[in-house]
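So, here come the structures, one by one.
Okay, so subunit A shows up in both of these, paired with subunit B first and subunit C after.
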Partner chain A sequence: MLGAVLLGFLFSLFLVFAGSYFRGKLAVLSSLIPISLFIYFLTFLPQVSAGEVIYENHEWIPSFGVNLSFTLDGLALLFALMITGVGSLVFLYTAAYLKDHKYLDRFYGYLSLFMAAMLGLVLSDNLMSLFIFWELTSISSFYLIGFNNDKADSRKSALTALGITGIGGLLLLGGAVLLGDVAGTYRISEMLMLRDVITDSPHYLLILLLIFGAAFTKSAQFPFHFWLPGAMKAPTPVSTYLHSATMVKAGVYLLFRMTPVLNGGEIWHTILISVGAVTMVYSAFHIIFRTDLKGILAYSTISALGILVFLIGIGTQAALIAAAVFIVVHALYKASLFLITGIIDHETGTRDVTQLAGLRKVMMPVAIAGFVAALISGGVPPTLGFVGKDLIYEATLHFKDNAIFLTIIAISTNVLLFYAGFVAGVKPFMGKLPEKFEKLHLPSPLMWLPPLVMTLAGLVFGLFPGLIESAFAKPIAMTQAIEFEDFHLKLWHGFNTILGLSAITLLLGTVLYFTLKPKHALENAIAKLDVIAPKDLLLKLSEGFAVFSRLWTNFFQTGYLRHYLSIIVAFLILLLGYLIFTDFSLEIDFSTLTELTIYEISILLMLLSGVLYTVFTKSRLAAVAALGVVGLSFSLLFLFYSAPDLAMTQFSVDTLTVILFVLVLYKLPKYLKLSDTGLRIKHGVLSISFGILITLLILRVLNEPKNTEITEYYAENAYKLARGKNIVNVILVDFRGIDTMIEISVLIVAALGVFGLLKLRLKSRDKK
Partner chain B sequence: MKTIILKSASSYLLPVLLLFSVFILLRGHYLPGGGFVGGLVAAIAFVLDAFSNGLDKTKSVLKIHPGFLMPLGLLIAFLSGVSPIIFSDLPLMTGLWVENPIPVIGAIGSALFFDLGVYLVVIGASLTIIFTISESA
Partner chain C sequence: MEIILAIITGVLYASGIYMIMRRSMVKLILGIILLGNGVNLLIFLLGRITKGEPPIIDSAEKVLEGVYADPIPQALILTAIVISFGLQAFAIILVKRTYKVLKTDDLDQLNTTDEDS
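Our next item is the complex of A and B:
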């Protein structure tokens, strides 16, 4: 399985070098990757539907419990087949859709990167690797959404999507770490046994909120839904693949996966049902106001995702099965509708439903696919959509609280989704063909076959629901670890309430389709409400943040070195002053101090005179020289207190510093008044108080009992282990060699910084 | 600062100081010294030469830009760090030693090469900084 996951990554890496071969006719060959993966995962179908779970473990960072462990159960297999199956069709479709595009190879690279990440996500048994693949899907989708990177709004939507899903990724990391901490393992399969430990832990609510945050951002739930319509700026294959069938379902997948681990009663149900319900109704109503085909599909996708979250929230066996079936239904019809939209857009150059009509006359196979897709989406028998819709009603009707209310909102959402499916799949093909479209012709079969295949699959599964039942529905129900009764998916249940509800849905949907026509006026009307939409609120928040950070930066980043120094020193004074003021005791036993020697007195005098001369001299060069005297006095001090290494280093560093200063200052004008008396007094007060504080602090340190363990260890082992007699040097090059390694790297970075700053300025000055 | 005394002295001082810096580098393991101080002394030697003979002259003595010493030094230090992994399957930064000490240089081990790397990085970094600043001032 590791190979299957890595194949996509390797292929995209391979395209970096061999991309130019995949731009032309050979492009279609890259679909071999998803097709072979699809076949590979199909071979597992008999085993998995028999109830087997396949594990595979590869050690990665075992000391942190982070491993590449994969598990293939019913849920993972469903998603894996969806990812590779829809992926194969999208890969084929792209070869015709983006034919002769300059960067077709790049597109395939991103697409296979995404596919691999997505496969890794659904197969991961380890929360940490799941998180990594989760982030990889966000990143690769950023490139896909912003594929038309010469357009400003395309770049902006890519950023918005990355921002929202990126926040979700962070939340997931937080949730995963907390969950791993509580459970003591990152393996999801081990967490299943620890459900009580997790739901009883004090962090349970926090874990729940973090995981929900991740799922809601990824699956575009209210109020994070707005990135999805924006992401429709991407080329149609991307919208098809990422934003209908796979990536947006990652959040749903996570909730599914976590149901047996985290489902701990009331709060789980309440949050998921309410967020799901708000999302599905809110975005279903938005459909009415859209005239762009992709906009309609985007909002109906959000609504469908809302239904899924809602069903997982209900959490009964019926609801979970309904969700599993609905995932398949939605993938089939929504991906087909997106592909059909892509064909229409590609051939006519518009996606405006008010202008499109009569296209069946020029592209019959597409019209058939559109019609069947609309039937599946509307839940018309005998398609799989009908089975799915019945299951949803069954779940809502038998839920313990508010069954009637939940059923009513489910019905109204379904009515609107019926409308959406027909507007997108049927309306462009009906009516009279406008003159400007008469010269159109059917595109390459690579484009119209994929949607046709998918819709026909929806029809076949509808006629034989047993296929879905044994392959996915039952194995998935087993992964959910609920009290599991035997069940059978059926197209025909006999005359009962649910059939009545279905009939009502179909009737209302038909009426809505024939009475309500998409109009631009409606779209403009809703645009006025944008001011209070979550999107604008969040955008304003981010703008406010930018304003705040600009003010903050302008306050601190004045560009004056002395200002920076003053702030740093003042901050330290405040902190240290507080510490010393609140908790400070100092005892100096004067009797233990040795007497002052003549050396010490003379060094002290040298130091003092150096300092005073530096401060009061009028000449800049003299100040630098005096500063050198201070430094050299210090190195003498080190020498007397038996630290020859330190003394040597201090001596050379000081020599170089003085040289550096002289080099810079030598060519400056002789005298420049940089500060007035007031400022000098302020700086003086600041430095004197800082000096006093540091002195007090050092005296305080001397009061602490000496810890000689470390010193003794080094003294003992310097020669034994490292064959050196100079402990200081042995520490530098051996015991703490990696520190030194990093320090010299820092040194190099500093030198490069100086070089870059000054040389770049020199060059630009030379140009003038 | 073109004084004759400094100029004639520096032509003798440069090799002597450089030799001294190597001496400091080598004695570092047993006595005060080491790569860092050695590197600083060598850098001072070149700066002194630049003072008396002019920057261009020193640069032509150096042949290459001192900046190139930085990656070279880092590479040597890094290789000496990973050499135990490569040669004897020991953890990173384990000291490796040649059994018999070599005359003049003394015992040779991976620590010496590490220090040599530090020495080169320090020369490279400080000379790069000083040369760049003095050119642009």
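Our next item is the complex of A and C:
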């Protein structure tokens, strides 16, 4: 399985080097990758439908418990087949749809990267590798949405999608780490045994919220749904593959996968059912107001995702089976409808449903695919859609509370989805063909065969629901439901309540389709409500954040040294000053202090007057001379206090500095009074408080006993080990010899710099 | 004595910081030197000061014993003095060069990277 996951990554890497050969006729060959993977996964079907679960483990970072462990059970196989199956058709379709596009190879690269990441996601048994693949899908979808990167709104949509799903990825990481911490393992298959430990843990609610956040952002649940309609800026194959069939279902997959681990009763049901219900009804109503085919499909996709979350929230076996079947149903009809929309867009150049009509006369096979897709979407017998819808009603009707309310929600959503399917799949082909479309012709079979294949599959599965039952529904129910109970999928249940509900749905849907026509007026009406839409609120938030950070930066990054220094000093004063104010005792043990003599006092007075004179004099030369006094007082001080080496160094360095200064300053102008008095006072106050702070700190430190361990080591070993009697020298040239060598090289660099600056002739400037 | 030296260190810090905040480049360098001296004194003080007992082993002895000044702060300060000399020399020449090219000693006029300002 590792090979299967890596294949897509390797292929996209291969395209980086050999991409130019895949731009022309060879492009269609890339679909061999998903097709062979599809066949590979089909070979597992007998084993998995017999109830087997296949594990495979490759060590990656075993010390963190992060491994590439894969598991193939009913759920993983369902998704793997969907990813590779829809992937094959999309790869074929793209070869014709983006024929001769100059970046076709790049597109295939992103697409196979995405496919590999998605396969890794659904096959991972390790939460950490699942997270990594989850992020990879976000990143590859960013590139795919922004594929037309010369368009501003394309880039913006890609960024929005990345932002929202990126937040979800962070939440997932948080959830995974917490869950791994509570369970003591990152392997999902091992967590299954620890369900009670996890649901009883104090972090349970937090884990649940984090995982929910991840799933809701990825699967475009209210209020994070808005990135999905925006993502429709991507080329149609991307919308088909990522935003209807696979990636947006990753969140649903996560919830599905976590059901046996986290389904801990009331809170699980409450959150998932309410979020799912709000999403499905909210976006189903949005469909009415759309005239763009892709917009209609986007909102109906969100609504379908809402249904899936809702069903997982109900969480009974019936609901989980309904969800599994509905995932297949939705992938089949929604991917077909997207592909059909792509054909219409490609041929007519418009996706405006109010302008499209009568296209069946020029593209009959597409019209057939559209019609069947609409039937599946509406749940008309004998398609798989009918089976799926029945299962949904069964799940809602048998839920322990609010059964009737939930059923009504499900019915109204289904009615609107019926309408969406027919508007997108049937309406463009009905009626009279406008003149401007008469010259159109049927596109390449590579484009119309994929939707036809998918819709026919929907028809076949509907006639023989046993296929789905044995392949996916039962293995999924066995691993994901809490208690397994045998069941059978049937197209015909006899006359009962559910059949009645189905009939009502179909009837209302048909009425809606014939009475309600998509109009621009409706679209404009809803646009006025955009002000309170979550998308705009979030956009305003992010704009506000940008404004705030600009102000913040402008306030702190002024480019003036004194501002930076003032801020640093003020911050230190506040921080340390607070500490000193709250927790400080100044006890000075006068007995340990060295006594004062007249020599020292005179030196200190010299030092002090030198410093003050340096600061306050108006003459530059006088300041330098006073600085020399300061330096010489220092060397005397060092001499008194047992540091002859320091005294010597300070003396020579100070002399040199003063000489250098005088040589240079000779040519400089006089001091100007540059800053006003107020600023001087402000700076003075800051500096003096800082000086006081330092003094207090020193006094505080002098109270502490001193650690003499290292000193004693040197005192003992300076002669024994290094044969030197001046310990300071021994430290410098022997114990820390390499430091000194580096110090010398620093000096050499400085000397070179000085030399260069002195000799440099800026000729072009001098001439001016 | 330590108390007075602590106060002097504070004075050096305060005057150093104050000079660095001035707009003149020469004052900036003077400030850096003063601040550097303050830091040296701080390190010296924290190593505790000892009068008249340099850390040098007697010619007859092999191990330093009894009361002696701590050699570690001294080694640190020696390094610091030498390095800061390198910095000062470079900074002084840089100021000279800047003045020659731009005819100004005012830091605020160096705030832009534009050639013609």
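Note that the second predicted complex is superposed on the first by the 582 of 768 C-alpha atoms of A that agree within 3 Å, B and C clash if a C-alpha of one lies under 4 Å from a C-alpha of the other, contacts with A are read in each partner's own complex, and residues count from 1 in each chain.
Note that a contact is a pair of C-beta atoms (placed from the backbone, for glycine too) under 8 Å apart; a residue touches a chain by one contact, two chains touch by 3 or more.
No experiment lies behind these values; they were computed from the predicted model shown.
K.L.:
Report for A:741: first if it touches subunit B alone, second if subunit C alone, otherwise both or neither.
P.N.:
A:741 contacts subunit B only, not subunit C.
K.L.:
Return first, second, both or neither, reflecting whether A:181 touches subunit B, subunit C, both chains, or no partner chain.
P.N.:
In the superposition, A:181 contacts neither subunit B nor subunit C.
K.L.:
Between subunit B (first) and subunit C (second), which, if any, makes contact with A:438: first, second, both or neither?
P.N.:
In the superposed model, A:438 contacts neither subunit B nor subunit C.
K.L.:
Which touches a greater number of subunit A residues, subunit B or subunit C?
P.N.:
Counting contacted residues of subunit A, the larger count belongs to C.
K.L.:
Touching A:352, do we find subunit B (first), subunit C (second), both, or neither?
P.N.:
So A:352 meets neither subunit B nor subunit C here.
K.L.:
If you stack the two complexes on chain A, which partner ends up touching A:52: first (subunit B), second (subunit C), both, or neither?
P.N.:
Neither subunit B nor subunit C is touched by A:52.
K.L.:
State whether A:200 touches subunit B only (first), subunit C only (second), both chains, or neither.
P.N.:
After superposition on chain A, A:200 lies in contact with neither partner.
K.L.:
Could you tell me if A:759 is touching subunit B, subunit C, both of them or neither one (first, second, both, neither)?
P.N.:
After superposing on A, A:759 lies in contact with subunit B but is clear of subunit C.
K.L.:
Of the partners subunit B and subunit C, which touch A:660 in the superposed model: first, second, both, neither?
P.N.:
Both partners, subunit B and subunit C.
K.L.:
Scan A:561 for contacts with subunit B and subunit C and give back first, second, both or neither.
P.N.:
Only subunit C; A:561 stays clear of subunit B.
K.L.:
So which positions on subunit A get touched by both subunit B and subunit C?
P.N.:
644-645, 649, 653, 656, 660, 664, 667, 725-726, 728, 732, 740, 747, 750-751, 754, 758, 762
K.L.:
Flag every residue of subunit A that touches subunit B in the complex, lowest number first.
P.N.:
Interface residues on the subunit A side: 644-645, 648-649, 652-653, 655-656, 659-660, 663-664, 666-667, 721-726, 728-730, 732-734, 737-738, 740-741, 744-745, 747-748, 750-752, 754-755, 758-759, 761-762.
K.L.:
Show me the residue ranges of subunit B that touch subunit A in the complex, using the header's touch definition.
P.N.:
24, 28-37, 40-41, 43-44, 47, 51, 67, 70-71, 73-74, 77-78, 81, 92-93, 95, 97, 107, 109, 111, 114-115, 117-118, 121-122, 124-126, 128-130, 132-137
K.L.:
Could you list, by residue number, the parts of subunit C that touch subunit A in their complex?
P.N.:
Subunit C reaches subunit A through residues 1-24, 26-28, 30, 33-34, 37-38, 40-42, 44-59, 61-65, 68-72, 74-75, 77-79, 81-83, 85-90, 92-97, 99-101, 105-108, 111.
K.L.:
Under the touch definition given earlier, write down the residues of subunit A that touch subunit C in their complex.
P.N.:
559-562, 565-566, 569, 588, 593-596, 600, 604, 607-608, 611-612, 614-615, 620, 623-624, 627, 630-631, 634, 638, 640-646, 649-650, 653, 656-657, 660-661, 664-665, 667-669, 671-672, 674-675, 683-684, 686-688, 690-695, 698-699, 701-702, 706, 708, 710-711, 714-716, 718-720, 725-728, 731-732, 736, 739-740, 743, 746-747, 750-751, 753-754, 757-758, 760, 762, 765
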